[in-house]
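Handing you this structure, nothing more for now.
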Amino acid sequence: MNEFCKKLQLFDTASISDALDSLCINGGLQGIVPRTMSKKICGKAFTVKYGDVSEEERKIGRASDFIDEVSEGDVIILGNNGRYDCTVWGNILTTMAIMKKAAGTVIDGACRDIEEINQKMYPLFSKSVYMKSGKGRTKKIDIQVPITVENTYIEPGDYVLGDCNGVVIVPQNQIEIVLYRAGLIKRTEEKIMNAVKQGMRLEQARQKYHYHEPWKNMEEK
Amino acid sequence: MNEFCKKLQLFDTASISDALDSLCINGGLQGIVPRTMSKKICGKAFTVKYGDVSEEERKIGRASDFIDEVSEGDVIILGNNGRYDCTVWGNILTTMAIMKKAAGTVIDGACRDIEEINQKMYPLFSKSVYMKSGKGRTKKIDIQVPITVENTYIEPGDYVLGDCNGVVIVPQNQIEIVLYRAGLIKRTEEKIMNAVKQGMRLEQARQKYHYHEPWKNMEEK
Amino acid sequence: MNEFCKKLQLFDTASISDALDSLCINGGLQGIVPRTMSKKICGKAFTVKYGDVSEEERKIGRASDFIDEVSEGDVIILGNNGRYDCTVWGNILTTMAIMKKAAGTVIDGACRDIEEINQKMYPLFSKSVYMKSGKGRTKKIDIQVPITVENTYIEPGDYVLGDCNGVVIVPQNQIEIVLYRAGLIKRTEEKIMNAVKQGMRLEQARQKYHYHEPWKNMEEK
């Protein structure tokens, strides 16, 4: 596993999101939630861009091929423009993804076969669940190109972290500073937690440990 | 149990939806998801059409009676026009439905008492969960008439299949061809699954086994 | 525990909602659902009103302090105007709320850290789950003032009941009559349930026991 992934997976999405906030980077993928009971996912983004089909393509209805290009540790991100009316992931792709040792799949859209996927312990995040196929309804425009999900820009190779709260993206060239700040934030929160457990008012503890700018506080020391 | 229901319940909603797609039939009920942890449901549609109440009816607030007319094996479909602000199903109706040996209930709207319903192992699908009564807010217009749920037309007696992915409707007069095609689709998918497990690229397996038109492929043989 | 809370928690939200309906009081909080696997909550409302931040506050990003003022048995109601794009509750606040013996938290908005909150068995209800902080996005306007959640007016000290179906509010000065009517409704429903179990048609049982106006029926006796 990538060195940065090893460090990234020690955090939850809340801490990483706070670190991104401190750097004015937008990373959360709103509306995308876990669909399987599984642990945290962490990996590098493998992106698939989807778009509308033509009248002719509506009749033919081909499936989109991309899974053969996926590498070990990738988090597959399917940018199906938030569509609720058709699915772009199911049982066969899950079997392939497990064989390819993908870290998980994140869908700006819908998936199907979630019971089988859950049994296979494969981590899946999506906006919704439905059963209609994407064939003849949506199509792959390209793979490994930048995509935008709910105003968050994602490049192939960006870092992806997902847990019970959802999914955050960390731009590749920002991973070091984000990890550094997330570490400071986590330690600040631990100090606040200890202080309030010993009876300090939360308001006071937040002031004492510079909750609103934890990185500044820590860097000064 | 009806002979066609016996066959239909051997499939999941994904395979049946693909068979419907191949025949250009619209069958999925978008936005309706399982609310209880229970197995697949399969049966014939018993429809209830709801509509707005008058100012006078708003004050009186009568409940809608229909459950006494339900038969063994029916799937009760309540067409409450997707309303989120009031419920049309709860504990008493569940007790009755179990006594009547209904197969389950599908609501284009909201239900309440889901904890008790879950304990009773009764299969329930709905758009949402809330606690406000439908009394004085919505009313039964008619039973056993055609209704439309999210652009899908449902006639009394149509076949209904529900699982973790949602609910699909199969028109009565199409059940034989749908079951036939679903069988072909299922076998094609099994062949593809076996091929990729033995190392074939998914793209190649899909081409070899005519994934985009599996029924055509199989009929030719 | 408050005497009225002791009585209120014997009911579910469905019965209390029906009692409120009978008095033309609007009490349900639409779209707010349980986020943790926990029992019913019952307590008195501690309200927090949120509002937009200024351009300056967006940069500073302070957290909102209110938890130090919470008392034993309070249900904390966070009126963040249904916002899905940032959270106003998480792990630290949960630890504080448990120390303060709060009864639970209800959010017109989003929360984070739900896995940890669930492990701590703290009852949480919200519209959504996300990971972005509220810091620099929303701010506390005031505490213990009237707020409106989905057209339902809530005053500090109002009674709050939450279960699997959602959350209902009972105005403080209506609690006695609401409890009285809920009792009548519950007994009426038990009579109907017994009658149908012995073979009576539901329609007949509803008529016999005045299901549409159970309080009137019982008061006459």
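Chains here go by letter, A, B and C, matching the order in which they are written, and residues are numbered from 1 within each.
Assume contacts are C-beta pairs under 8 Å (C-beta built on N, C-alpha and C of every residue); 3 or more make two chains touch, one makes a residue touch a chain.
Being a predicted model, the structure only gives us computed values, none of them experimental.
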| request: Make each chain a node and each touching pair an edge, then name the shape: line, ring, star, complete, other. | output: complete
| task | Compare the two sides of the chain A and chain B interface and say whether they are made mostly of the same residue numbers, over half shared, or of different ones. | result | different
| Chain centre separation (chain A, chain B; CA means) in Å | 31
| task | Among the residues of chain C, pick out those that touch two or more other chains and give their numbers. | result | none
| task | Please give the residue numbers of chain C that touch chain B in the complex, ascending. | result | 12-14, 16-18, 21, 28, 30-31, 33, 163-166, 168, 189, 192-193, 196-197, 201-203, 206, 211-213
| task | Flag every residue of chain B that touches chain C in the complex, lowest number first. | result | 60-63, 65, 67-68, 84-85, 90-93, 95-96, 99, 112-115, 129-133, 135-136
